[in-house]
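Have a look at this one.
Chain naming follows the written order as A, B, C, D and E, and within any one chain the residues start at number 1.
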Amino acid sequence: MGEALQQQLAYVGYGLYLLLILAGGLAAVMSTSLVRALMGLILTLFGVAGMFLLMNAPFLAFMQILIYVGAVSVLIFFAIMLTKTPEGEAGAENMLEWIGLRAGLAVLAALTPAIIMATLIVKKAPAALALKPEVTLAQLGEFLTGPFVLAFELISVVLLAAMAGAVVLGFERRKGK
Amino acid sequence: MPHDAMSKLVGDYYTTHFSPDPTSEGDTLILNLGPQHPSTHGVLRVVVEMDGEYIRRSEPVLGYIHRMHEKMGEVKTYLQYLPNMGRVDYLHALAWNWAYVGAVEKLMGIKVPPRAEYIRTITCELNRISSHLLWWGAYILDLGGITPIFYAFADRERIMDILQRVTGARLTYCYYRFGGVSADIDDDFIKETREFLQHFKTRLPIYHGLVTGNVILRGRCEDIGVLPVEMCRRYGATGPVLRGSGVAYDTRRFEPYSVYDQLEFDVPVGKNGDAMDRYDVRMAEMVQSVRIIEQALDALPDGPHVSPDLPDRFIPDKGEVYFAVEGARGKIGVYILSDGTAKPYRLKLRSPSFSNLHVFAELAQGTLLADAISIMGSLDLVIPEIDR
Amino acid sequence: MSMKTIGQTIKSLWSLIVGLKITTVEFCRPQITVHFPRKEVTNLGTYRGHIDLVPLANDAQTPRCIMCGYCADTCPSGCISLKFHMTGEEVNPEQRRRLLLGLDVAVPRSGGKTPPPDKIERVLDKFDLNYNYCSLCGLCVQGCPVGSLAFSRDVYLVGRARQDFEFDLLGRLKSRAGTNSGKAAA
Amino acid sequence: MIIELLATPLGHTVAALVAILAFLGLNGLVMVYMERKVCGFIQLRPGPFEVGPRGLLQPVADALKLVGKQLVTPQGADALLFWLAPFISFAPVAICFLPIPFGPIATGMNMNLGLLLILAFSGLNALSLVLAGWGSNNKYGLLGAARAVAQSVAYEVPLLLSVLAIAFQVGSLNLSTIVEGQKGILSWNLFYQPLAFVIYFISATAETNRAPFDLPEAESELTAGFHTEYSGMGFGIFFLAEYSYMIVVCAVATALFLGGYDGPFAPGIWWFLAKVFFLVLILMFFRWTFPRVRFDQLLNICWKWLIPLGLANLIATALVMKLVQ
Amino acid sequence: MIPAMNPLVLFHLAALLLLALGLYGITIRKTLVGMLISVELMLNGAGLALVASARLTPALDALGQVGTLLVMGLAAAEATLVLAIILVVFKRFGTSDSAKISTLRG
């Protein structure tokens, strides 16, 4: 397989993943049903995972699926189920009266930074290097336990705190009855 | 989703009139268990209000298999009503046979020959074992164990073969007659019964090993559905449900009928009144039934199997009578009010499942759904008996 | 964690292994299913099917029935119906009434002894059974004073319509007698 | 040309995927037959025996029946999510087969992070159950979905812990490398990490929703849980996914603990399959022997026993590895 | 293909797309769960940009990946906590609509 073919395949892959991200992202923000929005998010997550793969970072891609798709999105699903917010949650009827103002503001909020940054990215882009060899797990591990040990530990503490907090809040809910 | 749409969809009287718990804060789920549900054994329906997996309130809804047995008793002659008795509780049909036949005999003063009494005891106890076996299998099935019911049915099949030999039926027996039984037992019957008892004694340890000792089953039964004696008294629970709570009340022992006062047997009782105790009581009762059958077979006298001096027509004098026997599910009572005609003026059946069922609503309160299923199974309900 | 907890845990794990042992043993045991079309169960002799008429000992065409109507009266679901007519001459209206009511006819459990026939004979025209409603209680068979009813032994009786279970027992008896005699002739 | 194409990594992967799909279909039939025969024999009955010789064609008949059935979408259900769920449940399982070394060369995709890939994609199973339960507009389905989430999230932790112990020991997440390290029965990881094996197997039973941990579909409580409303092939695909998933977890167990394709005389692939199906047989015996646990008991087993034990095992492994070094 | 469209730019544009979508979503969504979903979108964009920068520029490679990993961990923690908060809010207000749970309204 020639270098050129691989290059082309990479572009095709990029296009595919971009499409996933776009479609999923749109579904995530536009869909009236929260569960469908979540499905959109998951689609996006897969697209991002694909981009990680394109950048030859499979570990990150799998972690993306393991953590985001396997855990975070399931948690969000739980939140949807427990709050019982049925379709039309985005306020379908409300949205109609707001559509001019609110949607316009939202588009503005999204587009302003997007346009500025896109111009910056395109204009001031440094040259891309060729893809570096895959970072091995061992390297990552050394990094995490070496210079980044503090961040690593902090994340552990944050996770622990989040868990404890969730448990405490959950118990408060039970007691409230 | 679903919730709002669903609350609009349900329109049944019992669901819409199921008054929500005043203390509930609105995020509860009204769930219909039954009438088609794998664990409601036939057509019982229970409306439950659930908070997550916990049951807030529950309410049994009866009447899906109501067949007007009591009313039928008023339009049929005494003899014609007899086959109905096998269909009230089809799992322990002979006990119902006995209760009705005994009541009429008491009303008309008919003497039963001793051989018939022993035959009745043997067949009724065999039927009790088969009923308990079915309960055992079905209960474990409710708890998710699928295999035991097949073993139970293999043994039940042998009991049914034995009973078919004399009764001609395999489930809804109509075997007892006023003044005796409809057919005499022969040597083959006795031989087969003895063989079965030997076989059954070897099977029981297997059952205990497979199920009783199993830690998962114990986890599902122990401390589940603890039924205090006071509550039994309030609801009139009888049978293994009552004995599981530690009250050694058994009609066979405390209001002895037939030849039960001449036979030796224990009345097994539980301690805490949880589902495991009810389970243990039933398992021990099967052993006692085996004991009773063995003694009865040994003591079986010769003689006629049906009283020779029976009246031509069964028309009792005016009067009323109540006769109770111990069924597999509890105390079976038949009350007859006679106005001197060929048909009863009023016939009332006291079915144990009816009383036992109503314990469920209170027991299930605040338990997990899975526990409620376990409790319901441990009460050993036969739904047609509830809706007489 | 105390030793007791560990001991209990081991015990409970052992109970699971005991269960697996039992299922393994049963796994290796021969099956007890009786495959119907290939094998049949052996206890069909005590099976009770619908009722059938029993012929006289010396005449396979005529049922033992004395037309007392006991079976029809006793049947809880009323699925037996019979019709008969009388032959002979000296029947006065009073006798006829008594006969129709069955007052002089054999009483149950009198061993089938009929009262003096008064020179009349009764002929059974029809003996129908609606098996759809029968609950096989056996009250008719037991009550029959002359033992004219017996259970059939046909386990594999099937039908597709209600009419398939409305039996003309007299016709069955006759056809049975016919085939029997035919067999005897052959 | 074809040989050349197959030799490229991409061609190899595509060919492997096709082979895996074929294997999954066949495997579904075999497992259905096996399960019914096993449960039949345990219950003293013959199991399927009418269709074909010894009932061998029964699964085919079942499959045809499922394909031929009408697909019913319940009233008020979210049709898109409802029909998406079976495919979300099936597709990741097929991907999970890629890194499994069936034989010395019979590996779909020999990748360094194979184990991680399997763990990542098997986590999607929970999502499909939730979607199915939510999408079917059924209270039983919803309860089943809630159970599925809690169960699979909880049991993923001990599963990861036990797998990590092996990864620590071998120093690789490549399944082929892990298998290569186990030559001869005495070097099987089972004997070095028995605790990890037990934890893994229990968690795997729970992750595949097999009895006694089949709470999301507990038929005596929730009628059929998340797939109450599915008819025809919707149910069929869930079924197929469940059986394929069983193969995945048993194959991983074989590769991690039982020496993979290691074995004398016969070619490796037969040894691998034999070990996998032996584990599957054990799973089936579990199902037909034990009653179902209750939900809180299920979580208690996980949080009070499996996770602490798994952590202890992991730490012990790490210490031993450090000392040996 | 315009010359500036090297892979790095492409990946960064994808990340930017995620950010924009997330921003739009967080503005237009009215429920807390919807906002959470939008936040996840933005976090993903951040992760993507980090990795792209690390992989395709002379920057330290492992650094970007570790950073993204940490972002993922944070996202998990955040989701847990937000879930709990949503539960409490829902319990107290009976809704998770952000407009309705403002008690400071006049």
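Worth pointing out:
Keep this in mind: contacts are C-beta pairs under 8 Å (C-beta built on N, C-alpha and C of every residue); 3 or more make two chains touch, one makes a residue touch a chain.
Here the structure is a predicted model, which is why all the values come from computation and not from measurement.
The minimal number of chain-to-chain contact steps leading from subunit D to subunit E is 2.
With centres computed from Cα atoms alone, the innermost chain of the structure is D.
In this assembly, the chain whose C-alpha centre lies farthest from subunit E is C. Between C-D and A-E, more contacting C-beta pairs join the chains of A-E. Each chain's centre was taken as the mean of its CA atoms, and the one lying most distant from subunit A is C.
Spacing of subunit B relative to subunit C, judged by their CA centroids, is 28 angstrom. Between the CA-based centres of subunit B and subunit E the separation comes to 62 Å, rounded to the whole angstrom. Shared interface positions of subunit D, defined as residues touching 2 or more other chains, are 42-45, 78, 134, 142, 146, 288-290.
Not a single residue in subunit E touches at least two other chains. Residue positions of subunit B touching 2 or more other chains: 1-2, 5, 147, 151, 154, 210-211, 214, 216.
Against subunit D, the residues of subunit B that register as touching in their complex are 1-2, 5-6, 9, 29, 31, 37-39, 52-53, 140-147, 150-151, 154, 210-211, 214, 216-217, 219-220, 368-371, 373. Listing the residues of subunit A that touch subunit D in their complex gives 1, 9, 33, 35-36, 39, 42, 58-59, 62-63, 65-66, 69-71, 73-75, 77-78, 81, 87, 137. Remark: subunit D residues 38, 40-46, 49, 285-286, 288-290, 305 touch subunit C in the complex.
Contact residues of subunit E toward subunit A in the complex are 4-14, 16-25, 27-34, 36-38, 40-41, 44, 47-48, 51-52, 55-58, 61-63, 65-66, 68-70, 72-88, 90-91, 95-97. Considering their complex, residues 8, 10, 78, 80-81, 84, 111-113, 116-117, 119-121, 123-124, 126-127, 130-131, 134-135, 142, 145-146, 149, 152-153, 156, 173 of subunit D touch subunit A.
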